[in-house]
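Naming follows writing order (A, B, C and D), and every chain is counted from residue 1.
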Amino acid sequence: MTDALALADDALIAAQRLAEWCSRGPELEEDIALANIALDQLGTARLLLTHAGQENGRTEDDLAFLRTDREFRNCLLVELPDGDFAVTMVKLLFLAAYQKPLYESLSEDGELGPIAAKAVKESTYHLDHAKLWTIRLGDGTEESHRRAQAAVDDLWPYTHELFEPPFDPLRTTWLETVQTTLEEATLTRPEDRWRPTGGRSGVHTEHLSLLLAEMQVLHRAHPGATW
Amino acid sequence: MTDALALADDALIAAQRLAEWCSRGPELEEDIALANIALDQLGTARLLLTHAGQENGRTEDDLAFLRTDREFRNCLLVELPDGDFAVTMVKLLFLAAYQKPLYESLSEDGELGPIAAKAVKESTYHLDHAKLWTIRLGDGTEESHRRAQAAVDDLWPYTHELFEPPFDPLRTTWLETVQTTLEEATLTRPEDRWRPTGGRSGVHTEHLSLLLAEMQVLHRAHPGATW
Amino acid sequence: PTGALHFDELIAAEQKIEPRDWMPDAYRKTLIRQIAQHAHSEIIGMQPEGNWISRAPTLKRKAILLAKVQDEAGHGLYLYAAAETLGINRDELVEMLVSGRQKYSSIFNYPTLTWADIGAIGWLVDGAAIVNQVPLCRCSYGPYARAMIRICKEESFHQRQGYEILYTLSHGTAGQKAMAQDAVDRWWYPSLAMFGPPDGDSTHSEQSMAWKIKRFSNDDLRQKFVDMCVPQAEILDLKLPDPDLHWNAEEGRHHYTQPDYTELMRVIKGDGPCNRQRMAHRRRAHDDGAWVREAAAAYAKKKAAA
Amino acid sequence: PTGALHFDELIAAEQKIEPRDWMPDAYRKTLIRQIAQHAHSEIIGMQPEGNWISRAPTLKRKAILLAKVQDEAGHGLYLYAAAETLGINRDELVEMLVSGRQKYSSIFNYPTLTWADIGAIGWLVDGAAIVNQVPLCRCSYGPYARAMIRICKEESFHQRQGYEILYTLSHGTAGQKAMAQDAVDRWWYPSLAMFGPPDGDSTHSEQSMAWKIKRFSNDDLRQKFVDMCVPQAEILDLKLPDPDLHWNAEEGRHHYTQPDYTELMRVIKGDGPCNRQRMAHRRRAHDDGAWVREAAAAYAKKKAAA
């Protein structure tokens, strides 16, 4: 079930990045909202990892804490560092606009159906939240517009990886959602040119192994322990 | 030999922080100089760790890679994050002005003598380099003065830990060196008030365990491997 | 004044004072100070625990810890809202935190060095907070009392989770057990100090008792906390780091060593291990977020005008 | 002009051109471009290897790696100095790197994913660099040739260290061996591409050969590199990821699969995996250092005036 693993890793790494905002948000309400979204992603990751590990008798924690970056299957988008709040929100916009239709299509799936159905509801909320902020930032002040546009420009290339076959049909829906939001945010859609890829086959950016070093340090330091 | 271990850990953690500058220095010459100083500190750390490990049959790598932060004996000063170049240079000034007379006094020591003698020469260079930059930054532009003074103010409290008994007699020499430099740099010596401590007994700041997570990740991931 | 009469009657009758009621200025000020300090403590308290979210040893523990830190942000929100009913707004309160003019609980100026600290904070720090806060659910000021009811419920949940972390560690590997004992060794006295200076040295206590903001003295609450912890420590199979701790049958309570109040005063004054770090973190987050808040305000203004 | 005559004579006689000698403008420009690109490559090349200094698996390896990356900074310095003899200054060169108007070797736009990549870079990337650079020690421009002699000595030392890392890994645990193989799989074709496009497509080659800046064609050097690597890979007990690689006895050389030159062009144009990251890192370091350089300049000015 490589597919479940890829989705699980997307959610897990997204959760890890989002949780970095904890106690650092621009306002208290946003601290709470980001933690909520991180918790949703983490919850979905746990269900998907448990599912993915079943056939090999591996637990969610085996998969989360005992794989190297070369074994992770997440898209590059989620592992990129969150420079500022605009990067975080635009990244979430791109991710949620992808996760929502993807989970919708999977909610018909026999095995993953129940997990996906729960995730659909959550990603609807994530998408709304990210849209709202993208619009506020894009159409807010000059500085917020500049930062939001820079985030869009920097992250756009990484969205192509989400729609590599067999997921290419999802891009139509994704583009619709994203374009509408960018327009309302007075932000410009970048050209499609550079298409970095590799995450699904375990060839990541230099950022992921550093993220995992921190995430896994305690678990790995005590092999076989119960927590 | 707790003392050798404390000195070794000072040098090792200082090296790890200095090496973070690699490819990030304000100019190419400084990249080279900082790497030089990091290499010196690392070299001394290796000799001292080897020495400290002898009685328990532990290698330099056992001690560097298989202890937790609670077992490290370095002073808090060296583990603090290097915010900007001013922090790095002022930290080096405080450290080298301490290491130089300390190594001088130890170079008479039977066991540590040869290691200390080598380190004296190196710390003389480190001290000169740090003095030069502290003076340049302090007496440079308005901005560099502001940053240098902020670094002095932030780091000063952490220097008290270096002179806890039995090392208190060293403070006279240290103060002379540092005061002369601060004066020439047109920087103000802060008051002696707060005296954070704990490093020598393994009660560190929250920064050290994160530094070690990164430093030790690879070594710990392959128990018993040769590199 | 009739207002004052009414106020005294309500207090005497164990009735709640509500925002629209007349109240003495000093009562209002005391409450603002106390509620704000409590709110700030929740916000700053996110940092020491937040420090371990990225490294939690299992995904389940990560989720629990993240949810807990999120709850603290929520408590901060309720409490700021309660303070706002007294005629001060949140921006002013945040400003007072960031500028250092208002304090937060000194306990959060200690570092979290290992995962076991997350357990110890839950068990001891949240435990002490609960002992402190349960009586506040009967506080004379309505909005504060109601906020505390909600908070106490969640805190007792957090305390159980902390206890459970320590239990798992102390019944785990030797390394885990040592980690748990080490955490309890470091957090015990700072937790005792959470109840404030001894009654003799407590400045605000008497008036607060009269106003029924405070119900028990610092020392009474501290004693209650010790009596509660001793049997729990036994089940945890962890030692409280006090060689003089013993049951005094005559007095029907545990005798224990007082925390170092000079240290407490030093930490309150700003010289704890992490005061500067916590404040710098808070200030940086506040400053880094300024452009976001400005954008949101500018956007809202545009929409309101349209 | 007599200058031109003299220049041609020097070139024909295998003598060195020195900074004070007359030289054609195009010769000067070609050299500036090539030396600058080489210097920039050393500077950007610090990043992929620098990525593993903090995580090196032993202290000895950490020291060796740190010293190596420091050497690269040193190479950058020699080369900038060599370029300066051609009448351009370092600030201009740095500006051209940071603004993206001058290039650096595309190989550094690939990420270092594991420790074994440090070995593979030493063995393959430094190996390819040496094959490229040894003939440059005989380059017609004196300062460049002399810089290359010094650099080649250090590079061959680096290459041995990289080889040794891979040897240790491939003779270590199964996990280490897999890590080494994976690194070679990822670095082989990019290393082949370091020699540039095939001779037919190489734009500057012919003139550079005539000027004795370049001594061998891209394809000749690539072949030399392959012939050198094959027996080394055998000792390393690692497979080069080319199923068609075999000894062609008739031609007395290895037949091998060409790297993907479309990919090479894409990376050169800016669309490699790490181009943006490397440039952003370099720019950030440059910008973050501005206040330091300004302070040094201001201080020097004060002292000069005093």
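Going forward, contacts are C-beta pairs under 8 Å (C-beta built on N, C-alpha and C of every residue); 3 or more make two chains touch, one makes a residue touch a chain.
Since this is a predicted model, take the numbers as computed values, not measurements.
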{"item": "Pair joined by more contacting C-beta pairs (B-C or B-D)", "value": "B-D"}
{"item": "Greatest separation from chain D - chain, by CA centre", "value": "C"}
{"item": "Inter-centroid spacing, chain B versus chain A (mean Cα positions, whole Å)", "value": "39"}
{"item": "Approximate Å spacing (C-alpha centroids) for the pair chain C, chain D", "value": "58"}
{"item": "Centre-to-centre distance between chain C and chain B (centres being mean Cα positions), rounded to whole Å", "value": "36"}
{"item": "Where chain B and chain D are represented by their mean Cα positions, the distance between them in whole Å", "value": "34"}
{"item": "Per-residue overlap in chain A, given as positions that touch at least 2 other chains", "value": "68, 213-214, 217"}
{"item": "Sites on chain C at which at least two other chains make contact", "value": "55"}
{"item": "Arrangement of touching chains [line / ring / star / complete / other]", "value": "other"}
{"item": "Every chain pair meeting the contact rule", "value": "A-B, A-C, A-D, B-C, B-D"}
{"item": "Of chain C, residues touching chain A in the complex", "value": "43, 46-47, 50, 53-63, 66-67, 69-70, 73-74, 76-77, 80, 115, 165, 168-169, 172-173, 175-176, 281, 284-285, 288-296, 298-299, 302"}
{"item": "Chain A - residues contacting chain D, complex", "value": "68-70, 154, 193-194, 196, 198, 203-206, 209, 213"}
{"item": "Chain D to chain A touching residues, read off their complex", "value": "48, 51, 55, 111-114, 182, 186, 270-271, 273-274, 276-277"}
{"item": "Touching residues on chain A, where the partner in the complex is chain C", "value": "12, 16, 19-20, 22-32, 35-36, 38-39, 42-43, 45-46, 49, 60-61, 64-65, 84-85, 135-137, 139-141, 143-144, 147, 214-215, 217-219, 222, 225-227"}
{"item": "Chain B contact footprint on chain A (complex, rising order)", "value": "68, 210, 213-214, 216-217, 220-221"}
